[in-house]
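Input: structures, listed below.
Shared between the two complexes below is chain A, which pairs with chain B and chain C, respectively.
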Partner chain A sequence: MGDTVIVVGAGLAGIQVSHQLADLGLRVHLVEKEATVGGLSAHLGKVFPTDDCALCLDACEELFSGHHRRCQYRSLLGTQKKLSLHTLTEVRSIKHEGDKFSVSLKTTPRYVLLDRCVVCLECINVCDVEVPDELNLGRVLRRAVYRPIPQGVPLAPIIDMNSCTKCSKCVDVCKVDAIDLEQKCKTRTIKADAVVLATGVEESSPSVLPGYAYGHCEDVLTQRELGRLLDSAGPSNGKALTASGRQVGSVTMILCAGSRDLNAVEYCSRACCTYSLKHAIMLREQGVDVTICYMDLRVPTHSQSFLERARESDVTFVRGKPDHVVVREGSPVTIVEDTESQKRLEIESDLVVLASPLVPHAAEREVFNSFLDKYGFAARHNALKGIYACGTSTGANDIPGSVAEANSVALEVYMALKGGA
Partner chain B sequence: MTETGEKKGLPDVFIEPINMSELDRGFRKEIQSMPNGEELSACFACSTCTSACPVANIWEIKPHQLIRMIILGMREKVLSSKEIWLCLTCFECQERCPQGVRVTDIFFDCKNLAAEENMIPDSIVALGKELLEKGQLYIVTADWEREDLDLEPDVPGLSTDAVKRVLGGTRTGRLVKGGK
Partner chain C sequence: MKKLFLCTCNGTLNKLLDFTRIGKEAKAIYDVVEVADNLCLEEGLAELEKGLSGDDRLVIGACSSQIIGVPMKQRIKNDLVAFVPLREQVGWVHLEEGESATNKAIVLLSDAAVQLDYMESQAEFTENMVGRVLVIGGGIAGLKAASDLHRLGVEVTLLEPFKLDKHHYLQTSVFMSDADTLRSEIQEIQKTILDVERIRGEIREVRGQLGSYEVTINGAKDGSMTQEFGAIIIASGNQQSLPSSAKKMRYGKSERVVTLDSLISNSKKKRAKDRSTILVAVDFDAPMSSVEGSHLLRTTRDLAARGNTIIVVYSDIQTEDENLYREARDSGVIFIRGRVTRIKENDKGLSCRIENTLESMQRDVIADRVAIPRLIGPTIETTQIAEKLGVECDDSGFIRTRYSKMKPVQTSRRGIFVAGGAKMPMSLSDAMASAQNAVLEAFKIVRSPLVRSGWIPVIDDEECDVCKACLDACPNDALRLMDDRIVHIPAHCEFCGICVSACPTRAIEFQSHSKESWFARFEAIAATHKRLEGKKPFSLVFACSECANASIDQAGFVGKQYGTGSYVIQFPCAGMVSPIEILKGLVVGANRVIVAHCPPGGCHHQTGDHLSELVVSLTRDMLREIGQNPDRVRATYMMAAMPDKMQKEVPVRG
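Right, the complex of A and B next:
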């Protein structure tokens, strides 16, 4: 048996499984479609159950022997000998050949050469194209040459060719010739003995669900968008502001906005109850009134304290599922039957925040189709020997669940390739 | 898990404690065997139907409660409720139910059962009578409604005889005449 493993997706699960396998001596190629690693964790700021920064969870061998954590920006992802990171790279095809897989990869250009750039960031300073920063709800600007988040690995900037004017100022300022505005796509094929899908989930856009005024009113947000506002590194330094820039006084949250709904996403997205509570507590700390409309609260044991803290900090809980949000005088009003008091409530608030379903990334790409169930999730062990999956690619989950599954899959892959079985 | 704060105390509007011995355990099956009733027990009591409903705000028993009462077997209370007749049959609730419960259709089933047992409110019987006698419920008046629109006084081709004849042979006809 060979020892080469391809891990697709460098979210927390993909990073975890890659470190583990590399530490165990296998040869790992970690393939990530975005310019930097981290997946959802790059958007989250503080996370339950520990209230730590989501980026502070990088896990290589040192983590376990040295009793400390390290931020993703100091991660060994780029330096570990047995681990090659391929960012801006997607899987084009997976061919089964004997007991190996021939995996064809395509890398789109970063226009900044990773083997040269010393991350002085002069290029960003000199660029004068400014566009809305999509990661921050378009509320702040970024340059055409930019870094999605400062801690993103690889640390080198990336050039967004859709907005770059090719003025070449960055090329001129770069003292190490690290910028190549004419860089081309690259393809390569790797023979692997196992493939691990760690392609994760994303929050689905609520505009597919009628009724909640998302897209009609700028103050109807998703939890991920609220998370950006509350992140101290976010567009308003952690302050909750309305789209017009006013300090938010009240927020209404709608749980299961599209999950557990036969007309939208059938399954429970599992993490949203708890991150909604997390956000509610953070808002209360800013003195913002919070109302949570829920059917039932599905909080895992490790995070019960978030429910208790939300209660103690006077979050209002309304047991009932809103059917619609109407916009009155520019502000969203949530219509819900409070099943405890038997009253129909019309809750006016500055923001309405929807717990949108978490849907699998893998379903977006045809190459993974044959490994996926009807929802687009992969089985931890595919029927085809040698194909594995972990993290939220196997089903919506929180970080502890995703990382635990990554650890267990790492051992299984190791056993299959090296266990002598 | 259900969130129970201290704030609210017991609900003050709804029903007295449910008397278990009065429950009709077969009621749920009965409704499920009727047209579009199968999904009944998928209801997870989320109350989306009620917040979707344009009129339930003033009802004493709300749509999600009616569904729960059917599941529990509160046959008497459901079939004698005025709410099943107050329903506009707009289908909002049914359209929005996340569990695919066909709420409006189930209320139709309830009305049919109530009708079989002669539990129709007088106002509804009066409507049936009107329909049976005139062949239409809403009679367009020639003087202003049509005139104002520059239309000829009579609705062209309007014939209500067939409606009257057909209806006479249906349960509506029998009910109006005092039968079953």
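Right, the complex of A and C next:
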């Protein structure tokens, strides 16, 4: 049996499973469609249950024996001997041939050469194209050559060819010849003995739920977007501001906005109650009034302290699922029936934040369709031997659950390839 | 020779900092000063390699050691290397202060030169690991762990502290999954562990360390036995008990009040005409885990499907499968949000008063039976085993894991792992995954000798009065008392240096980080600062090498500017800082000393964040006592997700 494994998706689960497999001595190709690794966690800043960095990784043994965790930028992902990281790369097809899988990959150009760039950031300094930064709600500008997130690995910038004018100033200033504006797409096929799907989830866009005024009012956000605002490396340096730049005084949160609902997403996304509480606590620290409208509060055992802290910091809880959000004089007003007092409330606030369900990435559906269930999630072990899944690609989950699942899948892959199964 | 290699980072750093002046100053303290343009690229590394001989001591003034350090380490063999992050911690964060920034660079380079004087080679250890693993507990997680280890070719001993047969498995694990899945899973695992060594007994004593734990077991039959194990997996499971509210629900007083589980087993035997109204009273105050929630939904669904009228009185229900909720509703289960406040028994049955928080009103319901769901808690054995093994438990008695986000099975002691319900209530699939996690960790330990290197604490037996403060302080059980001496256990050591600050006689010094080295470094910083910056104030930031250092690096990446005259000194862990270093910092003239540690509870070595806060608070008290301003000393946490922390701590110079 061979020992090559392809891991699709370099979020926390994908990285974890790759580290473990490489430490066990298998040959790992970690494929990520974005320019940097980290997946959903890269958007989050601080995370529960430990209330520390989202981008903390379990350190691989090869490079950091005796160290437990490393920041993403310090993890030097891909510098291990047995682990190759392919960013900006998508899986085009997976073909089953004998006891191997033939996986076809397509890499789109970064236009910055990873083996040459020294991350001096001079190209960013000289670029004079400015466009809204989509990762930061379009509230700040970025250059055409940019680093999507500060800790982003690989550290090298990426050029957004849609906005680049090819003025070549960056090429001139780069004395190490790390920029190639003519870089082309590359395709390659890797023969693998096992494939691990760690394609993760994304927050679904609430624009499919017209009742919540998302898209009509700029002060109706999702929890992920609020997370960007509260991130001290984010667009407003961690301050909660309205779209017009005013300090927020009050926030209403709507949990289960579009989930546990037969007409939208049927399942419970499991992580949103707790990260909403985390954001509520951070807002209270800034003196912002917070009201949380909920059906059930589903906080996992390891994170009960978030619920206690939210209660202690005087977050208002309203049991009831809001019918809709209306916009009055530019500000969102939440209409909800408080099921405890049976009163109909109209809550005015500066921001309304929707806990939108976590859903599988739509983009992967086509290639992986045969491995997915009706919701778009994959089974931990697929019926087809050699195909595994872990992390949120098997269902919405929190970080501890994803990491534990990644470790268990790593062991299964190892046993299947190296004996024991 | 003492050599300095500076890097201009593609000709950018020398625009921010005056490299000519830096070079001139550096020549006075280094034997050789070289300037490269791209030290991290192949050509730069080749140049570095050419310019070095084996016994050179080296300072790299370039980007963060976290970035340049690793390719360099792969390339050159010299181990006496100090790093000065001129890019992230000087150039990028003092863009408007060219001259002061250059001064800061020179101060840090003079500090690094002194650091080299005190630097020793890292100690290296190779230890053989015993190949056998002990699995404690023959529940589902324990069986799975033993079975997987066995299949991996690892020798396993499965210790079953209490007798379990298939019937018991089903009963004790009933909440984990539906009965059919559970039964087939148990059968599957039992097949694969037929030739695993299984013993029955109770742990009497555990000695030794990771790789060679010596365990004495009081056997049921053959007296006691002692055996060595490379790693230990605790899988002592959990048990169900009645909530404290059961008594109020007349449990034990009325035969009609029973546990929910007893109803399921009984109802199977009953015929259709025995249909009854059952009120399920969920404990209102205890938070329900999703495992307990799912079990409640499964059982009430099944009871309702058999024609019973089921009323569930509850507060919050968690479940990992939303469809269970729907199925329960569809089969007729009535859910009422609220609490049962009173139960009276009369000839019609049980009259239950429900305070309905949904409708803010009370109502009485007559039920034939009241069923109480049991709560899941740790087994008594778990507490006993934890005590014998010296691992920590949480407040409810479950085994505590080291870092809840990313270390799912690592207990507080190295080489000992927890699998399954001994950690928290788990569903079947989570328990199986948990067992696999423990197997993976144990397998990684026993399959090859442990090779580690690092600077270690050195104990001066003359100075040591064996007060054992270091033993208590060491978060990793890496110091032990043997024959009236404190002995270092390298296999457990994380090289954090917390033992140093704990020692009242300073009989422990950390290699390369002695008290003398700190004093000499602070003096060098102060002297160079005064020479270049005169009377302008300066501050010392004692940053831990994990989160705090990462936060300071990230300030560079996002360009958060802060004041110059801020000299960051890296400690292996903030827990290593003692009042001695802080006071010395003030004595040499620092305006402020800031101790920066990992976020609360997030110390990579477990206790450094907490300890450094204590040390700083103690030092502040001392300053206050002698009439000094305590605010000159501060402790704070920093982390990479908060790159603005340096800006907040040092908004202006000094």
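Some points to look at:
To be clear about the criterion, the second predicted complex is superposed on the first by the 407 of 421 C-alpha atoms of A that agree within 3 Å, B and C clash if a C-alpha of one lies under 4 Å from a C-alpha of the other, contacts with A are read in each partner's own complex, and residues count from 1 in each chain.
Note that a residue touches a chain if its C-beta (ideal position, glycine included) is under 8 Å from a C-beta of that chain, and two chains touch if they have at least 3 such contacts.
In this text, all values refer to a predicted model and were calculated from it rather than measured experimentally.
In the superposition on chain A, A:Ala54 makes contact with chain C only, not with chain B. With both structures placed on the common chain, the touch criterion links A:Thr339 to chain B and to chain C. Of the two partner chains placed by the overlay, neither chain B nor chain C lies in contact with A:Val367.
Looking at the shared chain after the overlay, A:Arg260 reaches both chain B and chain C. In the superposition on chain A, contact is made by A:Leu155 with chain C only, not with chain B. Look at A:Asp296: by the touch rule set out above, it reaches both chain B and chain C. Set against each other, chain B and chain C differ in how many residues of chain A they touch, and the higher count belongs to C. By the touch criterion stated above, A:Val171 is placed in contact with neither chain B nor chain C.
In the superposition on chain A, the residues of chain A touched by chain B in one structure and by chain C in the other are 260, 296-299, 319, 339-342.
Remark: chain A residues 16, 20, 23-24, 45-47, 49-58, 61, 63, 65-69, 71-74, 76, 79, 116, 118-122, 147, 150-151, 155, 174-176, 231-233, 237-238, 260, 266-268, 270, 296-302, 304, 319, 339-342, 380, 399-401, 403-405, 407-408, 410-412, 415, 419-421 touch chain C in the complex.
If you check the complex, the residues on chain A that touch chain B are 211, 256, 260-264, 294-299, 311, 317, 319-324, 335-337, 339-342, 344. Remark: chain B residues 1-3, 5, 8, 11-14, 44-52, 56-57, 62, 64, 92, 96, 98-100 touch chain A in the complex. Against chain A, the residues of chain C that register as touching in their complex are 9-13, 37-38, 40-41, 63, 66-67, 70-71, 148, 151-153, 287, 289-290, 316-320, 322-323, 337, 357-360, 402-409, 424-425, 429-430, 432-434, 436-437, 439-440, 443-444, 451-452, 454, 494-495, 546-547, 550, 553-554, 557-558, 598-602, 604, 639-644.
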